[in-house]
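I've put the structures underneath this note.
Both of the next two complexes hold chain A, though its partner changes from chain B to chain C.
And then the complex of A and B:
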């Protein structure tokens, strides 16, 4: 039972002052084992805050991040799942599912987490699952002003992932979940 | 061998409180080799009792440096007097006879057990289970009772040791959302579904399974730490072997289940020390079936044993009539009653507050003051006394003080405290004998 927080596009302090207080009250240290962050934090203070929630923090670089040392792409393995992380501004057209699927096949991961569009999305295709946690602060994006704050918490348990989607709609936290199973890895990638 | 009648051990010079020599060879090991009985550590186990042979006893010795305390006493005589064991043999036979009856006479069993239970043949396991009320007195009911309790423990474990992921999955399966799977085969936007009962991992709700889980992790960490520190010198409990790990896991499970079932008292440091001897005994039961279910049996016996002493572990009750402070002052009064001079010297002259030493003696039931084998003997007496374990415990503590009176009277605060906090090895049987005598006499 591994809890992984997927969060990103906070744009603090340029577009938003802070996380919504209702989100902040829920995010307490000690519960989450990993944090994967799509990028655009943008400053060190936010990095430190996330680090205080959980020491295992993985970030990729968004175009407004002030720390230039974050990588563009990151992959990691948690339990039985391979996760890929990318901010998403590099994938053109932005938010296009086919292009993201291409990236996912390139990285060869089961779950690709990317952001930039500030819209929550969870999409499944043959290569795997693409998750966009949206913007945790509700900051406006390059595309639209109408953004609901949201983030994602994944509960990885063996071959099964339960994705809890936390959204702030009209001042209230709404939680939904998505369930999916990974088929046990058959030897589909035939020996080259 | 001369068959002596049961010796008048009350008057025997064997029982003078000279400290035993510290190191004894593992008596069980010499046991088999010694067909020649001049070795004074001849075990009482060979004789005409239909029990599994010393292989059962020997099974203990690779794990632990158990000095058989009974043969230890006989060695005290020094000259290797041949048959103190005759009396042990008869006692063992009597106890076996008693527990083989159809309906067991608890009073008789208590009387026999209070003199000490011999080590062989898993007698102690059965007797302790009887004394703690786990096994009913009617022998015919044993198998049904055991089956019932063991399955109850299994259910406890299943319910309480599940992590929230599994719990939520169970809740869902009951509302059958399985058909979601097939839709996602071809791809497309993944459908979102409502969460059941508002349960999500970051929930701060009091009734949330997740929230409770995270609150419990603190206690579980504490239990983990204490279990790892239990009896680090014994292979049974500590070390890297698979065996030690399974034992530690069993201790852990028992303590976690107990903490969850008793939210009022949860887990307090020290409970692991009280649990350890129980689990050790039951796991080493020569009867295979019992050893396999040792965890379940230990759980119920632990609950029973602790029920008499629960109030000592509750911090709020410290200053109340039932709390630890009041028990310590009872001990103080008992000492005053029996040995006023010593009491005055300790409390008034040298100002050794009994809390400094008696706290550990009482809350941990003397497991930390003596070596493992001796504490088993003491527990025999504690559990079998019809007056109840607390009264007996106080008498034993009082005896401990009285036996060291010469050194205490000669010492000042520092040396007395040092002596009492590191109680010197002593002849356990004599100590229990003195404790017994304190019962009958109102004053020395």
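And then the complex of A and C:
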């Protein structure tokens, strides 16, 4: 059982002062094995905070991030799953699931995590699963009105991943979960 | 030499102890055989060891304790009349025959103790006699210990309202008189020590005096324990007489210690009721006495009293404690003109703490204290003394901590004036403290005038104050400051759009004075605050009853335009571009076509003129394309102009793969899913074909420049786009075209000149799988896909 926190689009301090207190109290060091962050933190303080929750921190670059050295795209393997990470402003049209699916195929990953729209999504298509953890601070978005703060926790266990989404709605934390099972990886044939 | 001295003292002490032990041995023998005469003889000899003047107080005490223990045994013997056959009154006479005065008096006190216990004479008579007799010993150390002995043995025998030694009606008074007299004499002896010896051993003397001070102070403690001493007796008798002695002794050490002792030993309730008397004594003390510390301690004590027992608060009001302290402090500061500034400020800190505990609702009192402080600070240049600065910070932090709601602190008119006297470094620290307080308490500052006051207070962070320059600052600290200001801006909020607009204008006014280094930090939060307001206004009418409303989206956009423009001048074009695009989208949602167009124009101008870095250009163009793709407010002409620009720039990016990707991204500009009308299949195809040409060119370039073709990834990406529009029923995208592209890719992959690349192989395989998947779906999708062979 591997716990992976997917979080992003905090936009601190441009659009939000801090994480909601209810989220802060839930995110405790030592409980999570990996953090994957879609980007737009935006400052080093937030980076340090996430690092304090878990040393295995993977971040991709959002268009407002202070640190220009974050990569545009990242892939990593956790257990049986290959994960891809990208902020999402690079994929036009923004939030378009078919276009994200294309990126997923290109990266050859089971789970693609991307953000930018500040709206939580967990979507399964032929090529895999696309997850958008939304904005952890509920930051303003030109794309989404009325953003609720949200983040995602993935529990990876063998060929199964349970996606828990935590949303702050009217001051209360609501949790939802979605199950995904991976079929055994098909062997890739060379087409020569 | 000193070493010798100490060794000598140890030697004398050892000799003294040996003497005591020696005589004690014989005394015990006498006691065992009930031999009074012998017992008296040896006890007198034993006590003679205390006649020494060679020991320091510390060592004398050791000697004294041993004698004390022996006297306890003697007392037991004295009590048992049947053992020695002498009546107590006779014994009282008998011991006065002892040769030397000191042993005589110790023995007398011991017998006196038994005398009182026997009740053969009234307690008051015996006590009076003893306290008078002790006058015979005028040597400070010997006298102090002797009287201390008297105090110890008499302690449980004082006439008190609940004690068994109560005689006639005045007996509590007698006890008080006795203790007061003993106290007075002891204090005189103690003060006399100061006059002994040459000035150069002052330090040693002070140390010795301090070792003895508790002997004197003990009397006050005893007074406080006498149950019969109620508030009235304290007020009328005890305090006046103690103060009289304290003032008259004119000794700095004694005064300081005793004033503190009084405060510690007697209940806070008493102090409250005798405040005037107590405070009245302070100006009469020696000028060198550290009055401010004593005064601070009194205030702190009463502050704690108020904090722990809220029910006594009305008493504070009744005795006008605040007014009295305020005026006392004023007098002290005036009297001690050369008091260092840190002293004066710490007095105000104590007074403020007191006020906040006792009269938290009296903001005017708090402001008054700050005002007094301002008066003290004015006329001087900025504070440089770090201790004083710390005190000022404490002064300013106290109201913040007390009133978690910063808004209250903002109403203190003297608060900014105090801050003005801080040096710029400390001013900024204080500003950070204020911001921290707001953030921690999640305070919302909701009116324009409060925002104005707040920004006045934190102006050290907002702009360069006189004499300072941003360049001198540590970069990390500077970033932290500015990020704090940015975060703060999200705490300024009002539901009412008019008020919110005023707040935004005020904030903008302040941050615009910040200079080039600060704007990149402060402008973005302002912009987003404003955009949130625009959204809120969507539901509302622009004009109400014909009156023009100040806050309209249009006005806000005008403000934003000017604000973001400032960023472009300070070398943050990328940030400015992003903010322009955000505003464009918001203008789109507000149905303001010219405004949205203007924002796009600004964004393009920045792209053309200021963004030279190729990586930055790639990101920027994708942001432009992404934003433009979402616009629905533009008419045909405007839209055409902008898309033409976007595609043009896309094709002119530096690297061919970047060009390719940007151009096929542009294809989405001509096809928007959720709106009728903008579905130009032809132009989509044109874009895709153009990107295909670029991909081809990229392949050929790679062949020439590197000797082998690049990977087929770009082709596969374009294929995906073909499929995307194919599914969306773009009739211009034919299955033949798709088929052709598939074949092209296969050919490329098999070509000798192509470097095999597992990633692109897997990508292509994945797409083919997708096509197969769609075929198997059946229905209209399946039919479509069946025209493609893989």
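By our rule, the second predicted complex is superposed on the first by the 185 of 192 C-alpha atoms of A that agree within 3 Å, B and C clash if a C-alpha of one lies under 4 Å from a C-alpha of the other, contacts with A are read in each partner's own complex, and residues count from 1 in each chain.
Definition applied: a contact is a pair of C-beta atoms (placed from the backbone, for glycine too) under 8 Å apart; a residue touches a chain by one contact, two chains touch by 3 or more.
The model shown is predicted, which means the values in this text are computed figures rather than measured ones.
In the superposition on chain A, no contact is made by A:75 with either chain B or chain C.
Contacts of A:126 after superposition on the shared chain: both chain B and chain C are touched. Using the contact criterion defined above for the overlaid structures, shared-chain residue A:33 touches neither chain B nor chain C, since it reaches no partner.
In the superposition on chain A, A:177 makes contact with chain B only, not with chain C.
Using the contact criterion defined above for the overlaid structures, shared-chain residue A:43 touches chain C, although it does not reach chain B. After overlaying the two complexes on the shared chain, residue contacts for A:148 are found with neither chain B nor chain C.
When the two complexes are overlaid on their common chain A, residue A:94 makes contact with chain C while staying clear of chain B. On chain A, the surface touched by chain B in one complex and the surface touched by chain C in the other have residues 126 in common.
On the chain A side of its complex with chain B, the touching residues are 1, 3, 25-28, 30-31, 121-126, 129, 153, 155, 157, 160, 162-166, 175-181.
The residues of chain B lying in touch with chain A in their complex are 163-166, 168-169, 177, 180-181, 184, 187-195, 198, 200-204, 214, 217. Residues of chain A that touch chain C in their complex: 12-18, 43-45, 63-64, 89-90, 92-94, 98-99, 102, 105-106, 108, 126-127, 140, 142-143, 145, 186, 188-192. By the touch criterion stated above, chain C contacts chain A in their complex at residues 439, 479-480, 483, 486-488, 490-491, 524-525, 528, 531-532, 535, 575, 578, 582, 585-586, 589, 619, 622-623, 625-627, 629-630, 665, 668, 713, 716-717, 720-721, 724, 727, 746, 749-750, 756, 758-759, 761-767, 769-770, 773.
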